[in-house]
Amino acid sequence: MAGIRMQGIVKTFGKTTAIKEISLEVKDGEFLVLLGPSGCGKTTLLRCIAGLETVDAGRIFIGDRDVTDLPPRHRNIAMVFQSYAVFPHMTVRSNIGFGLRMKRVPKPQLERRVQEGAALLALEPFLDRYPAQLSGGQRQRVAVARALVMDAPVLLMDEPLSNLDALLRLQARADLKRLHREVKRTTVYVTHDQVEAMSMGDRIAVMREGVIEQCEPPMQLYTNPASQFVGGFIGSPPMNFLRGRTKAGAFEGEGFSLPMDGSRVEDGRELLLGIRAEQIRFGERGVPARVQVVEPLGATALVTVLVGKVPVKVDAPVNTTVRPDQNVSLAFEPADIRWMDATTGAALAH
Amino acid sequence: MTAVAAARSPRMNARTWDRVLIYGSAILLALWVLVPFYLIFLSAFSRPNDVFTYPKPLLPTDLSTETMQTFLNSTGVFASVINSIAVAVLTIVISLAFGAPAGYALARFTFRGRQAVQLVILASKMFPVAILSIPLAVAFLRLGLYDNVLGIALVHSAMALPFVVLVTAGVFAGVSNELEEAAMTLGCSRLTAFLRVALPLALPGLAAAAIFTFVISWNEVFASSILTLRQRTLPALVLFALQQSPLYFKFAGGFFMVMPAIVFIFFMRRYLLNLWGGR
Amino acid sequence: MWARTEEILPYALLLPSLVFLALLILIPMVQALLLAIQADSGEFTTAYLQRMAVDVNFNDAWRNTLLLIVLIVPLQIVLALAMALLVNSRFKGHQWFLYVYAIPLAISDLAAGILWLAVFTERGYLNTAAQGLGIVDQAKVYLSFENFGGLVAAIVIAESWRATAIVMVILVAGLQLIPRDFFEAADLFGANRLRRTLYVVLPLLRPSLQSALIIRTIFAFQTFAVVLALAGRNMPVIAAEAYSWYANNRDAHLAASYALLLLGLTIVFTFVYLRVLGLREAEVKR
């Protein structure tokens, strides 16, 4: 078994820098998710680990081995691709056994491991079919089985669920999670879907423009986002932000003023007040706002209110009495507020 | 109901007219292309003396293989057909060996100078290669490649190479790069990944490129005529004999040159648009 | 190691092709120039070019070549456009018509000349048909040096028949790059087929039309076997002169002079096209 260590990875494509000096460690057996919007460099980073891209600077270690200058086949990794990359000219059986054949695994052992892999992903009935005769979900499972039978200590997955329809994706997500618990491979999983990331990752590395903004366990990320970007990217609805300025120990926003324990922050600083939708209550006193839309979602109702001109999402009980155009006050605990610097977006230490 | 029917019928009529117009002109243009083939077929499958009959029969009532037999038994014809095939096969081997790797590089990699290379390939596709036959004839005389099957094949390869590069680039672009990358993560080197995954999937496209190369070589007249004296290809022989030979010989030769082309175009019809159009 | 091989690989794959093209195109091109302006003794001379200029066939050759281009190329563009638009209307069976229209792509100009010789020769199919329909009362001679118009017409028809296919393929490929939405949008706004073609399709097809025009013109300069097949030596053209000076007279210098003339005209025409049509690099690339 082996962890992954990246030191100062830089990757450029022509004039654009895809990855700006990333250092990251993935522990042995950990499920790490690389999360970010498209173009943030998450897939590039994964491909650098796989050896499908060569890095411009930095070193990559898998276990204790420096693999930076090794081709993919010598890195002891297995990978699941976004398009699945199931070989169309081979049967499911040959697809799953392909890697083992390349490694010249003896035939009886090869057949046994293909059977095991197929069993793990419920593919036994399809072993002699060609990929064209399979559904998208089945092809995805072939790709996973093909990677798993390699018994490589590191498993890399590049948005393996993004081509499945919503219902199938839920099922496949649960399957992958179960598989990881069973086989305990060090896994790096790339996705742009924050729900997927939250539900699967031991830790999530949120990437943006070639930089890792924050890398922590999901709930930590959710409750203590390191930046406005992370708060806005994680969670549905995203974290609300209100802009304002500190003045005499208080935070003054558009049409409201909140007391702060002003000892921490100097006067006249531009700040963002970050607050999660479920931590806002409609109260007697607080930030004045005007209700714009009420959307009942079943278990709760999502209420959009305007503070000045800024829309704020509030998670309210489904039987809430607020109506559009009603004036309300938003109340929340000071402890739930996350303060960010308005210019850099970085969270203030608390 | 009647009102609806009445309102619809002129539109249906216009529709019908539209179709008549489209199919009518399509068929007319098809006849323009096909009729000369039919006529050369009639001419080639007649008796040598039939070239003097007039008016000509327009129906295939009196076919004979006599003309074709006389043609095929004429001095040099059989040897020239063999030469033509040898040159074409050599051309396929050379231009694919050189061109397919280049096509693969253009399809798979982004690298500095890629655009420039593409432009060079496109420009050489349009370059009047036949013109180069004269200096090449002089050079080949010195190199011992004059009047030599390999010499002609080299020139034909230069003509075919840009096409082969562009077609194979299209073919390889059609084979997802992720397949090869997957093979590389599964223990293949670049080469074995190519051989085991990309090549089998690209084979039909490569075959089409080979066929088109064959057609280019089989048809080429100018360079073959300039570069040969005795080792003539079929077109070179027919061209050389143009002044002296009787009509029936020309017709049989024309038919013989045309036939493989029709068959080969059929086999590569899916890739037609890659040759001249497209990326 | 891995990183370095990865970086070098595309160049390594391209190098053989580029070297090959340089050896068989670039070097011979320079040699053609030298053959035309350098005597066997190594001295530079304009003697060969002068001899070409006073050659009996010289004036006829370049005039005929240009005449054929002026007649053939526009005809081909129109014919090919008709074929391409028809095929692109995607009627049932249009793939088969595309195949049929493309067949001449695989025909040499020599074979095309011979095919049409069967039509135009005195006891040929044209006279048979014309007399059968009562248009002429006796077989006419189309292909003789006394009937220049007949020779030109026969060559123009044979070349249009053969090389329209290339233009058609370029145009069909170009039409396929136009999103179907454009056609549907035009239909929605009530444009009929003619207006749609004029105002929507043709402007969008401009890049393909331009490259077809350039490619065809360049190739038309090389017309020679079709001329030899139909007109023999009665109608000199530049490429045929180059061929004949080498194949019949074994004079590489004069042959190279004609080849150089061909190359020069080709380059001038391409340049003028690019200038007049205002082609940008991006459009040539297609």
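Order of writing sets the labels: A, B and C. Residues in every chain begin at 1.
Here is the rule we use: contacts are C-beta pairs under 8 Å (C-beta built on N, C-alpha and C of every residue); 3 or more make two chains touch, one makes a residue touch a chain.
If you're wondering where the values come from, they're calculated on a predicted model, not measured in any experiment.
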If I average the C-alpha coordinates per chain and also across every protein chain shown, which chain's average lies closest to the global one?
B
From the C-alpha centres, identify the chain that is farthest from chain A.
C
Counting in whole Å, what is the centre-to-centre distance of chain A and chain C, each centre being its mean C-alpha position?
58
Centre-to-centre distance between chain C and chain B (centres being mean Cα positions), rounded to whole Å:
15
Which whole number of Å gives the spacing of the CA centres of chain A and chain B?
53
Find every residue in chain B that makes contact with two or more other chains and list them.
190
I need the residues of chain A touching at least two other chains; which ones are they?
51, 71
Residue list for chain C, restricted to those that touch at least two other chains
7
Residue set of chain C touching chain B in the complex reads 7, 9-11, 13-14, 16-18, 20-21, 24-25, 28-29, 31-32, 34-35, 79, 82-83, 86, 89, 91, 94-95, 97-111, 114-119, 121, 123-125, 127-129, 131-132, 139, 161, 166, 169-174, 176-177, 208, 214-215, 218-219, 221-222, 224-225, 228-229, 232-233, 239, 242-243, 246-247, 252, 255-256, 259, 262-263, 266, 270, 281, 284-286
The chain A residues in contact with chain B across the complex are 13-14, 50-52, 71-73, 77-79, 81-83, 85, 87-89, 98-99, 102-103, 143, 146-147, 150, 156
Contact set on chain B toward chain C in their complex
19, 22-23, 25-26, 29-30, 32-34, 36-37, 39-40, 43, 51-56, 58, 97-99, 101-102, 104-106, 108-109, 111, 114-115, 117-122, 124, 126-139, 154-155, 157-158, 161-162, 165, 190, 215, 218-222, 225-226, 235, 238-240, 242-243, 247, 250-251, 253-254, 257-258, 261-262, 264-266, 269, 272-273, 275-279
Which stretch or stretches of chain B touch chain A in the complex?
110, 176, 178-179, 181-190, 192, 197, 200-201
